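Below, each structure is written out as structure tokens.
First chain A sits with chain B, and in the next complex the same chain sits with chain C.
Moving on, here comes the complex of A and B:
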């Protein structure tokens, strides 16, 4: 192969490489650098010569400050709690749903998948807005509960942790369903038929064939759901009370309200590091799972 | 036997509730947008386009819509150029780092928008793009890139490589082959990817929150401050406009996709 031929694929890849290096790698490095600056406080108007940090300074003060800040640990605790709860709910609800979709005949399967994709593609804002209306004091859920006589006054479904969990679940679960469904589609149906033919009941066939073969997809779906749930922003902002603040909401406030960019950047770096650790933790057992379950390729 | 049937019924029930729960908020917000009243109650007897008329007469909403369309167009253009070319590199060539490149292209899809927005804000300020539609558009193209890439990759894998080899054998240059043979074949897939990229950009809020300034707010960012406190059905109508645009584009994508699959099979 000549040198020119070896360079051809990189010629095709160049636009994407420039985009990824310029808009992913460079900003990430700059974010880390920013978190090591002294905070400047924003004395003048936002964007017009305001100083949100002191350029050129090197200090670990921000990280030390975070460690000493009780408020920060509260936020972190709620973020992790929300992430785990939402991930668990998503997996528990998405697995049966994905399995159900997998079993549907062609046309109906396309419709069900379409419904999942449509909610993911249309505005998250509209979904949360609709949910706010539905969960509101005079919304259909509360009206129904009172009509049945289960409660006599509206439940606080919005502006509460319950609202945040429901909202975030709605935003994350399309990913979980799609990833699990994609994993189930890879399961060889003849194996299931064979298990049934050898006398296994549907439950046994599921636990001995379908479940082990779908484990890699389950791991992927859990990881992706967790990453998205840990980054929860819109749902706690709109459906939570001031107690339900996640790291993401706080980052936005540090950047735009407190104008303390180094602190916002430090919290962002923390989120990035968490995601990287999770992804690494996942990559090792995932490789093992793939080797031992006989599934050829995991999700790229 | 009764146990099995019960289990199957339970799974079906959970699935239907999940799917309905996913669609309900969307449908409910749309339903409310047609109310003739000033309060947030869905219309029953009488439907009206009153709040849509209001939307299309108020300047800030229209400007938001226009900004969104401009940003979407730029983001789509960048995504299409980058996504299509990198798909060619990954599918048509074997080279070292190909898998790594594949992973890097997909990576932005797995990073929450908040982190992308926050990391890009200081950078866009440094290079002076902050406040121009390009800042948001470039950020959105990070998500558009993997979508276009996925669509085009599948199409390239499905096309017969012998046609390209024949063109080369008959004396066409690599550029000519791509322009006259490959591109016409994968064009529908490129269009589908482009529509997906546009839809994502049209509906994206969080990156816009960081990268828009008041003079180039996109529609979701104009809607955003109204969601917490304002209780006007006008917000529902604004949401309705974005959902309608999304559905139109999705319909177009589905149509192209079905024509494409019919042609290849």
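Moving on, here comes the complex of A and C:
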């Protein structure tokens, strides 16, 4: 291969690489640097226009403070709990939905997929505020529940963990559905006919053919949903009570309410580490799922 | 072993109003039936109706003594070899073959033994049995698909263009193997193909389908020697098919040639079928000989295939044994049409 041929892919990849390096890696390094400064609120010379840190102030003090802070561990715990619960709920709800969409004939399939994507067309804020109204004490959900007599007073569907889970699920699940659907779409329908012909009922055909063949997509969808859910910000911010705070919310709080930039940065790093650890741990079952499915090519 | 009976089956799709149009057919126990037709003639649809993968608009499907029209595929106990084989990519060859038995709840040791036996039948090596379909060649996949379709003891074996994706040599070998395996298992079999050679070589009986209708059913020889209509004759590859333009008490006219009238009732628009191996070509003029020019000469192993254009403009094909004095393109010939070279085919059914 000539030098030119070798360089061509780099040439085309350059814009996105520069974007990634400039807008992700560089700020991430900045974040780490920031977290290694002296902490202590707004008085220490941090702010727009001023320098973000004082040279020669490298310290692990902020991390020490974090480690000793129960409040931080509670937030981290809730973040991970929320991530796992939302991922689980998303997968459980999205798989049947994706399967349903996969089975639809051409035109109706396009409509169904459109309906999934439409939920992503409005701003997050609008979606979550809308949800706040729906889940409110006098919102349609509570009204309906009381009308049926299932409940006698409004359920705390907002300002509660339930609200946060519902909100975050609403934000993440379109991605889960689309990924699972894309994976199912690669399953050859003739295989299902073959399984039926060999004596398998619809359920056996599903568990013996569709499910194993969709494991790679299931694995990918789980990972993507998990990463999204771990970064939850808007729904805990708007739908949670002070107990339902995620790391992302607290980072914002530390940075812009307490003006404690190093602390915010350190929590940001903590989030990064948590996501990395969970993603790495997840790689083990992920690999198992993919090997077990026997579908070698591609993840989705 | 069960036989199969189809009664007035009808099926249509949007865009294909009569994919299967009033088809009735009976398969005898243990026979290999070849369903022959051009692509889009409804033959694959008919298979799917028999297998229960599609529901007919009208008509009934009987397998053995049971009316299975309303039954889903899993209750019909039919083995299907799909055109793309449809092997399960996440299972190896052995597991694929054992699938039908596993679903039936056969014990593991038993179903493995049965699957091994079936793979012995189709001649897959021990090493190949542990491979996944993606690691097998087309011919091996085809064998696995056949073994899988037979392993659970189906009442009926169905094959949808099973050799379409294979090269010619392999196709011919697998054809013979299929026939052997089919004889051995004595399973009633229906094979769908658009390849007339395949149908003629394999079938105990064949059926010719066209535009959703079953035009003729019979032994390969019957169908080949006496096509029921010009459509059938055309599809079987008979080139010398000429519409009869005039019928007189003792003469007929076709392709511009006046010939003695063959026995039997003939009406205009019936077709004359001339057997290329019976036509005689002469270099000399004579009575009852028709002048023409050789326009093409092709070597076909045991004989030459000559294309002769008659004065009337009609083109016909004549076979000439090797070793006779050679005729080349451009030569003038006189064609003799003996009575043995003439068959009459009823007019097209459209």
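Here, the second predicted complex is superposed on the first by the 253 of 300 C-alpha atoms of A that agree within 3 Å, B and C clash if a C-alpha of one lies under 4 Å from a C-alpha of the other, contacts with A are read in each partner's own complex, and residues count from 1 in each chain.
By our rule, a contact is a pair of C-beta atoms (placed from the backbone, for glycine too) under 8 Å apart; a residue touches a chain by one contact, two chains touch by 3 or more.
The structure presented is a predicted model; accordingly, all values stated were derived computationally and were not measured.
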item: Which superposed partner A:201 touches (first chain B, second chain C, both, neither); value: both
item: Partner chain(s) touched by A:231 [first = chain B, second = chain C, both, neither]; value: first
item: Contacts of A:16 with chain B and chain C, given as first, second, both or neither; value: first
item: Contacts of A:243 with chain B and chain C, given as first, second, both or neither; value: neither
item: Partner chain(s) touched by A:143 [first = chain B, second = chain C, both, neither]; value: neither
item: Dominant contact partner of chain A by residue count, chain C or chain B; value: B
item: Touched partner set for A:151, first chain B, second chain C, both or neither; value: neither
item: Chain B and chain C footprints on chain A, overlapping residues; value: 201
item: Contact set on chain B toward chain A in their complex; value: 4, 7-8, 10-12, 14-15, 18-19, 21-29, 32, 40-41, 78, 81-83, 85-86, 88-90, 92-93, 95, 98, 101-108, 110-116, 118-123, 126, 130-131, 138-139, 141-142, 145, 149, 174, 196, 199-200, 202-203, 205-206, 209-210, 213, 220, 223-224, 227-228, 235-236, 239, 242-243, 246-247, 250
item: Residues of chain A touching chain C in the complex; value: 188, 190-191, 193-201, 204, 208-209, 212-213, 292-296
item: Residues of chain C touching chain A in the complex; value: 51-53, 72-74, 76-80, 82, 84, 86-91, 99-100, 103-104, 132, 134, 148-149, 152
item: Chain B contact footprint on chain A (complex, rising order); value: 6, 8-17, 19-20, 23-24, 26-28, 30-31, 34, 47, 93-94, 96-97, 99-101, 112, 115-116, 118-119, 121-134, 136, 138, 140, 170, 173-174, 177, 201-203, 224, 227-228, 230-231, 233-234, 237-238, 248, 251-252, 255, 261, 264-265, 268, 271-272, 275, 300
